[in-house]
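Listed after this line are the structures, all set down as structure tokens.
Both complexes below contain subunit A, partnered by subunit B and then by subunit C.
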Partner chain A sequence: MARNNDLGLGTGLWLRVATWLSVAFLFLPIPILIIFSFNASRQVTHWEGFSLKWYAVAFADRALWTGVQNSLIIAAVSTLLATVLGTAAALALSKYTFRGRVLFQNLIYIPIILPEIIFGLSLLALFILIRMPLGFTSVICAHVTFSLSFVALIVLARLHQFDRRLEEASLDLGANRLQTLRYVILPVIAPGIVSGAMFAFTLSLDDFVSTLFTAGANSTTLPLRIYSLVKYGVTPELNAISTLLILVTLAALLAGHYLQRRAVSQRLVLGLGGGTAALVAVLLIVSIALADDRHTLNVYNYAGYFPDSILADFEKETGIRINYSYFNDNEELLSRLSLGACDYDLVVPSDYMVRTMIKLKLLARINRESLANYANLDERFTRMEFDPTGEYYIPYTYGCTGLLYNRELTQPPVDSWRVLWDERYKGRILMLDDMRECFGLAFRLLGGSLTDRDPRMLQDALALLRKQKPLVLRYDSNTVDSILLSREAYLAPYWSGGGLRLTKDHPEFEFAIPREGVPMFVDTFCIPRDARHKENAERLIDFMLRPDIAARCMEELLYPMPNTQAPALLPEDIHALLQPMLTLDLKKLQLVGELGEFNKDVDRAWTELRSR
Partner chain B sequence: MRNPLRIRELHLLLFPPALWLILFFGLPLLIVLFFSVSRQDVYGGIAPGFTLEHYRRIADPLYLVILWRSLVMAAVTTVITLLLAYPTAYYMAFAPPRTKLILMFLVILPFWTNFLVRMYSFMTILGADGVINTLLLKLGLIHEPLSLIHNTFAVYVGFVYGNLPYMILPIFAALDRMNTSLLEASMDLGAGPIRTFWRITLPYSLPGVAAGIVFVFIPTLGNFVVPEILGGADDVIIGNVINRQFLASRNWPFGSALSAVLVFGLMVFISVYIRRYDPMGKKQLAAV
Partner chain C sequence: MLELINVTRKYGDVVAVNDVSLTVAKGEFFCLLGSSGCGKTTILRMVAGFEKRTSGQIILNGRDMGDDPPYCRDVNTVFQNYALFPHMTVFENVAYGLRIRKCNTAEIGTRVMEALGQVRLSGFEERRPDQLSGGQQQRVALARALVNRPSILLLDEPLSALDKKIAEQTRLELTELQRRVGITFIYVTHNQTEALALADRVAVMHNGVIEQCGPPGEIYEHPKTRFVADFIGSMNFLDGQVTTATDRGCRLRLAERWDVEIDKASPVAPGNRVLYCLRPEQLRLSLLPARDFENSVPGVLRRKVFEGDATLYLLELANGQMVTVSQNNYIARLARDFYELNQEYLLLWSRTSGEIIRA
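Let's turn to the complex of A and B:
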């Protein structure tokens, strides 16, 4: 039916311009995304020439493919369940009046319109309370719940167009209810079911927020992997992945179009889709049942903090399969671990957090005798103040927060934290999105330490940071290097590993240790009390303490490790780069301890700083 | 109606989804409500005992300001989205079938890439050395990169971008279903195009607009990812605060109290709104 009829509706020039403008706005990021997937540079903002290397990186990224696999399994199973349940709900709503109908209707509507964060966290609360381990099942439960509502609404819309007399006629003519459902109702609503199922599948594949809350040690999905890539530093690998995703969807769409052209019935599509999903579900259950659980290791760590190549070598050498999931900071690690629902075998907390975890009885004693390479450790690091017995942790790396800046855009000297309050750099300063770092720095400048837990000094520190805020471009811990490289910001406090990496590749950057001193951290290997694969975790720890492996780690991360043998194996340039860190006088450095109740006050001050 | 077979069928159809939703949706909300009046122990756990202290803490002007700002941001986003979406949906609805199909395709296309990636692609576009700034510099229109990213403007761009399809599709669905003979009649009877729009087209599209508003306003209110990625030093909204309470500060009771207030507010809004406009009752989702 040609609807742009003789009335000439919808043909106005301004209308056309407005339409194409908003469509262009929607479409614009896609070609740019695709173009930059061929960028030779590490940066996503700066074009440096054509290259296919990011596709190679994406194909070699094992965690990515595990994520794809997990996402597909979760999407298939949750789509199947949501489609069945949602269709049933729609049929019940359209065919019957019953007591509680309005309530039921609201139960269907509300999941769609609640902000997803509420949905995710309330489900997390449920799983913790009933002590259900987080993993595939919990993610699937979450996805089914919100998809169910969408399927129900879409099918319901289709049912509204259904002529009820057909059903009556069918029953009158002697068909039973099942036959009527099968031969009369289903064919009419089949298109609704198909589009509902497709919608559910897409939602599940793309879902981030509720997955973030409900995923466990072995259920990292593609969006979670993408989020971690984003956190570790955006590279064109992301663009390459997205381009591949677009291609796959396009292919699926074309296939769908072709099937439609060939007049393949909706019922066949439905049957095929349902069959595939059911098959995947069965395979999943079988594979879970058959999987040799003894040879797995669930690692919970910062994204990229164990180099991929080293993990791959470990897997090859030992036959142990590693599931790697990610946290952003110590607090997130603690909140997950204290939920006791996550099945982690190896975690990487920092110094003060080890103490908190010991107090909360979250950690297991590590069997140091089983570590052949334990003797390689620098003794100054094996019994530190946060665990004087040294029983609960093995030191992994250490570092400090220094001042990273662009020499070409700043005026010397940049040797004091005070420069972060310099009016000349208004809008060019980045601060870490980390309340301990920001308040720790302010306390240091005020001549104190966060660990003093002094509420009066907290107010002064807040005042100091508020004075600085107009100069701050953004509080950010994840994209510091991209923003500095784009020259949008000139200077930032940053962790030594990331700072040194930037200075290594870009000579205009300098990583300074300001004269007021710097906070230090030690990141450690710890094993949760309930770890089911403790021995595998100890094998990985031992592997990482091997001098050759430690040297490779240091080279990749640019964080020094307290390993007495490894530095000699470093390439010369890396050794030179790390030299200032290796020779840091540990006596002068300060670990920032835990804050206890004071944490709440700092949190309030932090929220106040960030929001006004 | 008392046919036992019918009743059995109803039970078969009703119980599985109802149980599922009660267990995985209703119950969790009640648990959050329960957490919100529980005490907190030092390390973020839930301690036994009833307290309203977390609700008192919300009354702190600090959190009220954030709540207010979130409401304003969500409302402004909704208005901008509506202004962009309406002409687009209108044009789509009356376009020839081929154009309609192409436009539909282009509107849905962004959904195929991950949401986070789409937000990050704005770094490539808006950044100081991004596509727009490079272009303008090359053309000599500006001499110094414009600040397009890491500010509230960028957050709005992200919000509008992410939500536009959710506004276009329901309005399009409403207009597309409209009976054109009504318009013809109106024109034949001497009403001009403007009057026809006001008296016929607009009222017909209102259910779509109402649905679009719900689909844009509410998710925006809870979104914490966009401000985190595109925002500046100031752009903290209620979603960020709630997220922090759960994943960073480990203050479950306070996070629960904030969530409960948000949910309660939304429930009131929605129940009033649904009664008034019935955005869901009218097959709004058929287009999707």
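Let's turn to the complex of A and C:
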């Protein structure tokens, strides 16, 4: 059989197999992702039957839709700006010789070559230096800077094919330079401009890194939202969102293809695209102008850590509009807050971070007299060691690391961390992929604490963990539920929130507090020193301390709150579930403190453990 | 009508056009001929306005237009690769100039159709350029320029991208078209056949200067410089020295051994070193001297090159120089002439043939 383009890659079968393997490797994850979006279970890889409930969850996720909305606004505006500027840059580079042209041409490449993280950092530094508040404008600026380069390069490539004589022909026929640009150059390079614009749009839509650095209190985009969801373990909601995104993208592609097939004029397509972008830009400006700044509250928290329904009730009750943006760990919160350009009114740091922030003078004193529900708080939590005055924080929730295990696959008693060294469970033990959890556990078994910062004990702890390593199935923090549900592993140290959620849905699981004691955390409400809506923040705190609201919070999050009135209002099953947490002996718990320089030693030991 | 006075164009130290002066009359078909890099296209582009002159004057209809931008000049160009707008139909391409000048729609319609009729493209209005053959594209380019009724039409190698057959056919049409519309054509080409066939006058350019300017016959028959003699057609050059000279003719001693007579008045004096130029078709081969071909020089036949209508014979003279003779095959066959390689023959020519150029 004759083949037109045999590149010497061999014949039929082998080539076909290699091709199909590559295709499968590239695209198989997508059907898998789509299939599991219909999973009834909250586990990502454990099939429990068909259900559309994750689509319902995704559709009801207010923060998600805010993210979609923000992403679209940012993408539309930045695409418009980047396309105009990028095309202008490309025209200048290809048509004119001017002083510094070569330099300019090379500068265009920089946002493409430079690692995005450096780019994001430098933009952030610039915005802070010029005191530009982080928000829509800063994100759009960031997106324009890098997508401009892509537009310019794509248009430049098109211009390289552009026959200069077309331009001369137009001038020759009596058109001046502007008319030539309008009637000849732009129409001929229009396909380049359109693909540049589409490229800019996609780049902006899925940009994560530079958005992370430049987003402010009200400009959380879809990728930021999705990433923050991962924090709580990957749930099928993400699959549902992704499936919807794939559908939208496919629809857009098909529409584009259809428009091309039907030879709808480029002018129409350009007009439609440009018009839409312009409309969005106008809407954005109007919405910014109309937003009443006094009635807003900028919350910076983990995603979903304030239940959506409660925030909605608060907004309805007070008329205050909440902008919710996310961080993924305390360190991110600290770095953002110390930059001081973010305009946050309420943040939720953990215990040790409160101490650091007080030391760095980042927090404001909370006006406790204004909180009518302050009296509901459990007094053991109001003046904890990280802030003995209790002036800078209000406790929100607490939790601990306990032992999650499958009753049907283990033999009682499971009440000690030592069970994780039990040969009987070889290959069935799952450990958190978290150095502080692992070493904290080993230190506790050795009778010490990580916060003692004892280097000799670190060596013993490393030896202990090394001894355990052959028994360990895997180190993983993100899919603990799925691995336990699939019965690959029988037991694992796990955080109380996730552990209790699993036991709620699957009665064969049990969440135990081992007798050696467990590490504990307390998450708190804090108000940044520069907060512009301090009263609004205090109103939300007070709202969350109301017994009925606190009970709803606890039910939704399955994290206990130190509220003396709320437990009585909990439904019976939830109360039973939370009972061990509500009756915790605080003396058995230990707040995880700061490690300072010792952190590096632990890190080294952790790397050593994981690498061998 | 169009006058170039001492026009010079320099690119840094490189002189592309060196102090050129020429005049083109109204309705004339004027041709700039030369090999690539001779400056002919630069002149065209300076007239069109795409290039700035370094010095000199470019006068159209009595006004120096040297500094006008291209869109203010009453000239239109047909580009080498036609430069049709790929995003427009044939109609829109041709209408472009009129649209820019804000003609009303009805007038645009009639004039575009008229122009398309002139280039025999009626019925092609809605095609796009990429749906046309090279020849058709070329005619669209022509119509697009003609429709504006410019004072001068500039044509930059318009036939060079076409097949030989189509180029020859289009050549004929182009002359007819020019006679019909009466617009002045300035035509740039490197192809001497085209230039000789088309033009009323030809300017042969070399190294940025015009070597010779005149009607095609004069250029061919009486080249004034060695470059022109060599560039137009083929030519044998023989070195010689004038021995005697009168107002009716002169005697030359060629290669310091052969004396020949020439019946042609030339501004030479005895002792001058000259080049004697003979075209291959002016020469004959023979075993014996002939009566009406007074001059003869012996040579040995070294090669024969069959060219269809004629055969080229390459003779080596006693001084080692090769001379080319062209003989019509039809006539040669009638005479049953037969020449053998490495045989000595006489090279014959008439006293009235050949040109003398000062060395």
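What to note about this one:
Throughout what follows, the second predicted complex is superposed on the first by the 470 of 612 C-alpha atoms of A that agree within 3 Å, B and C clash if a C-alpha of one lies under 4 Å from a C-alpha of the other, contacts with A are read in each partner's own complex, and residues count from 1 in each chain.
Criterion: a contact is a pair of C-beta atoms (placed from the backbone, for glycine too) under 8 Å apart; a residue touches a chain by one contact, two chains touch by 3 or more.
These numbers come from a predicted model, not from an experiment.
In the superposition on chain A, A:Leu166 makes contact with subunit C only, not with subunit B. When the shared chain is aligned, no partner comes close enough to touch A:Arg294: not subunit B, not subunit C.
Of the two partner chains, subunit C is the only one that A:Pro187 touches; subunit B does not reach it. Partner contacting the larger number of subunit A residues, of subunit B and subunit C: B.
When the two complexes are overlaid on their common chain A, residue A:Lys467 makes contact with neither subunit B nor subunit C. Of the two partner chains placed by the overlay, only subunit B lies in contact with A:Leu91; subunit C stays clear of it. Of the two partner chains, subunit B is the only one that A:Val230 touches; subunit C does not reach it.
Overlaid on A, the two complexes show subunit B and subunit C touching no common residue of subunit A. By the touch rule above, subunit C contacts subunit A in their complex via residues 48-50, 69-71, 75-77, 79-81, 83-87, 96-97, 100-101, 144-145, 148.
Of all residues in subunit A, those touching subunit C in their complex are 163, 165-166, 168-176, 179, 183-184, 187-188, 190, 266.
Subunit A meets subunit B in the complex at residues 2-5, 7, 9-11, 14-16, 18-19, 22-23, 25-30, 32-33, 36, 44-46, 84-86, 88-89, 91-92, 95-96, 98, 104, 107-111, 113-119, 121-126, 129, 141-142, 144-145, 148, 150, 152-154, 156-158, 160, 177, 195, 199, 202, 206, 208-209, 213, 222-223, 226-227, 230, 234, 238-239, 241-242, 245-246, 249-250, 328-329, 331-332, 334-335, 338, 356, 359-360, 427, 431, 469, 472-475, 479, 482-483, 486-488, 596-597, 599-600, 603-604, 607-608, 610-612. Those residues of subunit B that touch subunit A in the shared complex are 5-6, 9-10, 12-14, 16-18, 20-22, 24-29, 31-32, 35, 42-45, 62-63, 65-66, 69, 84-85, 87-88, 90-97, 103, 106-107, 109-118, 120-125, 127-131, 145, 147, 149-150, 161, 164-165, 168, 180, 183-184, 187, 193, 214-215, 218-219, 221-225, 229, 231-234, 236, 239, 241-244, 246-252, 255-256, 259, 262-263, 266-267, 270, 274, 280, 283-286, 288.
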